[in-house]
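Note that the chains are named A, B and C in the order they appear, and that numbering of residues resets to 1 at the start of each chain.
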Amino acid sequence: MRYLTRRLVHSTLLLFAVSIFAFGILQLAPGDFFTPISLNPQISAHTVAALRSQYGLDQSFPIRYEHWLQSVFRGDFGISFAYGTPVAPLLAVRARNTLLLTGTSLLVAWLLAIPFGIWSAAHRGKWADRAGGILTSSLLTVPDLVLFLALLLMAVRTGWFPTGGMTSAGFDDLAIGGKLDDLALHLVLPCLGLVLTTLPPLVRHVRSAMIEVLEAPFVRAARAHGISERRVLLRYALPVAANPLITLFGYSLAAMLSASLLVEMVLSWPGVGPLLVEAILAKDVYVVVGAVMLSSVFLVAGNLVADAVLFATDPRIRMD
Amino acid sequence: MAQSQKLAWSVVVLAAFSCVVLFAGFFVPYDFAAQDRDTAFAPPTGIHFVDAGGSFHFRPFVYGTRDLDQGAASAETYLDKSYPLRWFVRGAPYKIAGIFTSRVHLFGVEKPARIFLMGSDGYGRDQFSRFLYGGQISLLAGLIAAILSVSIGIVAGGIAGYYGGWIDEILMRGGELFLALPWLYLLFAVRAALPLHISQWQVFLLLISVMGLIGWARPARLIRGVVLSAKERNFVLAARGMGASDAYLLRRHVLPQTYAVLLTQITLLVPQYVLAEVTLTFLGLGVGEPMPSWGALLSSLQQYSVLSSYWWMFLPAVLMIPLFVVFYAAADALQELHKSVPL
Amino acid sequence: MNSGPQSNCNPCGPLLRVSGLGKEYVLRRPFSRKKVAVSAFQDVSLAIFPGKTLAVVGESGAGKSSLARCIALLERPTTGGIELAGQNLLTLSEKELSRARRKVQMIFQDSASALNPRLTANEIIAEPLLIQGEGTKSQRRERALQLMEQVGLNRASERKRPLEFSGGQRQRIAIARALALGPQLLILDEALSNLDAANQELILKLLAELQAAQALSFLHISHDLRAVSEFADEVAVMYQGRIVEWRSARDLFASPEHSYTRELLASARSVDSILLERSA
């Protein structure tokens, strides 16, 4: 229990550090949201200065950070200059969409990676494993961007899937079943893209973790006792291999969040990604900080969950 | 194929490609910024050896085209006007390595014919020329950023591993901070901090610096591991017993043990960073027009009309794949070789 | 405890004197305040005379290697003092320490790990000269070749790398390297333990020759009593971090005083007799 509290404290401190870091970096930027307007000769410098002051852009870094922290505790995370609304509700909607996409993809990717990895490890060296290996290697070498563009191309050329967005035009008029169908249809391509990019490294890691465990003496002893290969794999080897795999979960989450940003842009999925890019181009500072913090929170939370699962399942950690 | 052979082949291919890209001006017929609205979105030019009359020519040729209203994609081909492909033609001037100027191009055709090996984009610019010139930008960005990351990694990892104690704690915690963020988000956030309207070169340099500065954590961790185990080796102890200073030990005995890891890391990081630059430019956050970074070449694909009608705009993406295959093959071979070399 | 044997021969006094030496390792469990102190050895007092060999024997884990490393100045002892030719080694400045290091060199148990696998034999042997800034490159190379001959290695193999040599040859390289700076004391930390019997014989012979020719002193750490018996002038027995007996070799083997010494000798003899039985 103390271990988990330690991890929790550590994660919170990490998030604080990240927030200072993100906030700090953005303050280094010359110019701000109102710079383009200030270039307009028709708007007086006085007006611009007043606008800046209204949004607190003329104050020093520590003061702004403090105000931002207050806004975090208040729950609104500051104001979006471009939308004129608090950041939090803006992010919340996008975050929900990104979570839907990332969560589904993560689930599918792991559900595929574990059986594939185990199977490859069990049939190591045989042609099936080698074929699988070639497949994962080939998939690995295709850059994410190219893969997503290819999916988009396929959608455009074949018309089997919608070419973007999360819902169709007449979404609100559909019944619940219809709504789910529509959502699922839009989900297929981005999900497929994410799964294809993150699956190969996952399969490889599962496979190598299993292979390492299968070579351990206790597995050989189990086999010598006449225990069936299937039981050996699933009840003896897998639980031990689970430790590195649970740690891997954290990394796979990070990779997937990064990739989701891109897939959302290419396939127009209304998640945090497009919002972030938009905010960057407009120098909508609080939105950018909010989005970066959100992704960090996802990541840290994911790692915490992994740590907790590890703690619960691996007795070695508890002994520390 | 043996690992060392695989490595050798990969290096040869990469070197050859780099040479071509370095002398891009020579190998391509047009300047990367040369526009011609009349030939916007032209499909790849057909190269023929047999003319309409059925006779064979040794020198390949292209046909002249006449633009119809809908643009070059539906241009009509003049079958009676053939323009032979010429070698070593004089064309637009270009600079080699920014110093020497030349006007000689490997191949070309006389005006008004055009030779678009990979078609042209919405401004009538030759995609093939832009692809090779773009290689200069994207590959160079990837290479320099990778070297930067690894350099920081070696210093940080070396110090942390060798001296241990509180400096190790600080450096590794700092690295954890960088690893805690999804790297693309971090890259974007830092990019957001940079002014949006500055000169091309400044953007390029800033981009490289940012990418390099972000990615130091993983190489640093790996190098720290190697240094930790290397400094306990008996031969290091023996050298210390002869009166060697820390600097000597690091330079002569400890750091050379990290070369294998360094090389593998660089080989893995270069394609990642190339991709990062391409992605940033694709989304409009990288080097801007008219610099032909590969990301810029692909960015028009975000428009529906382009995707559905102009298939050749996809070619740069397809051509990037073999390049990455070679990079990963080299990295794989290096890892396998490094495993069998006794530490 | 035990004072040294009645040594009759020395006008200059001991080359190396160790008094009350002790070493403790302090371990801190990660994330906890508790510190655990583990004592490697305590209250060790020994003396080695010029041109003589002192063997320190005992089972693994008795603290012998730790002692060797402290004397070789590779680690700092927690308590006690070390004097080399009258000079207190623990209070020296950096520069003086560097000069003192020339007088004491160590040969490790595992020759493969003691030699940098990426360097050639010549580079390895010449390295002490390089570190101490002696001579030009060609002078160093020539000296290394001389040393190679001295230890019985073929000059022609100077460009080979450590892994191309056999175990016995690698130890010769290590010895040559140790001799480069003209030391007065060589510490052999289980230097023969990884070698087969034939090689052990050969190396022991080489060491004996070197000792006679250069009046070298040896501190021979070993768990193998038999290997030590032919070669040592004095023997110190170490048990659980303390010296329990320290006498001349002849006296120790003839009439051991401490019970542990007797056990050690007995087990060595019984191994001998088992081997004898087998070969009969």
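Throughout what follows, a residue touches a chain if its C-beta (ideal position, glycine included) is under 8 Å from a C-beta of that chain, and two chains touch if they have at least 3 such contacts.
These figures come from a predicted structure and were not determined experimentally.
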{"item": "Remotest chain, chain B as reference, centres from CA atoms", "value": "C"}
{"item": "By number of C-beta contact pairs, the top two chains", "value": "A-B"}
{"item": "Distance from chain C to chain B - Cα centre to Cα centre, in angstrom", "value": "56"}
{"item": "Euclidean distance of C-alpha centroids - chain A vs chain B, Å", "value": "26"}
{"item": "For chain A paired with chain C, centre-to-centre distance based on mean C-alpha positions, whole Å", "value": "58"}
{"item": "Residue numbers of chain B (touch at least two other chains)", "value": "none"}
{"item": "Residue numbers of chain C (touch at least two other chains)", "value": "none"}
{"item": "Chain A partner contacts - residues on chain B that touch it in the complex", "value": "176-177, 179-186, 188-196, 271, 275, 278-279, 282-285, 295, 298, 301-302, 304, 307-308, 314, 317-318, 320-321, 324-325, 328"}
{"item": "Sites on chain C touched by chain B in the complex", "value": "72-74, 97-99, 101-102, 104-106, 108, 110, 113-118, 127-128, 131-132, 163, 174, 177, 181"}
{"item": "Contact set on chain B toward chain C in their complex", "value": "233-235, 237-244, 248, 253, 256, 342-343"}
{"item": "Residues on chain A engaged by chain B in the complex (per definition of touch)", "value": "14, 17-18, 21-22, 25-26, 28-31, 137-138, 140-146, 149-150, 152-153, 156-157, 163, 254-255, 257-259, 261-262, 265-266, 276-277, 279-281, 283, 288, 291-292, 295-296, 299-300"}
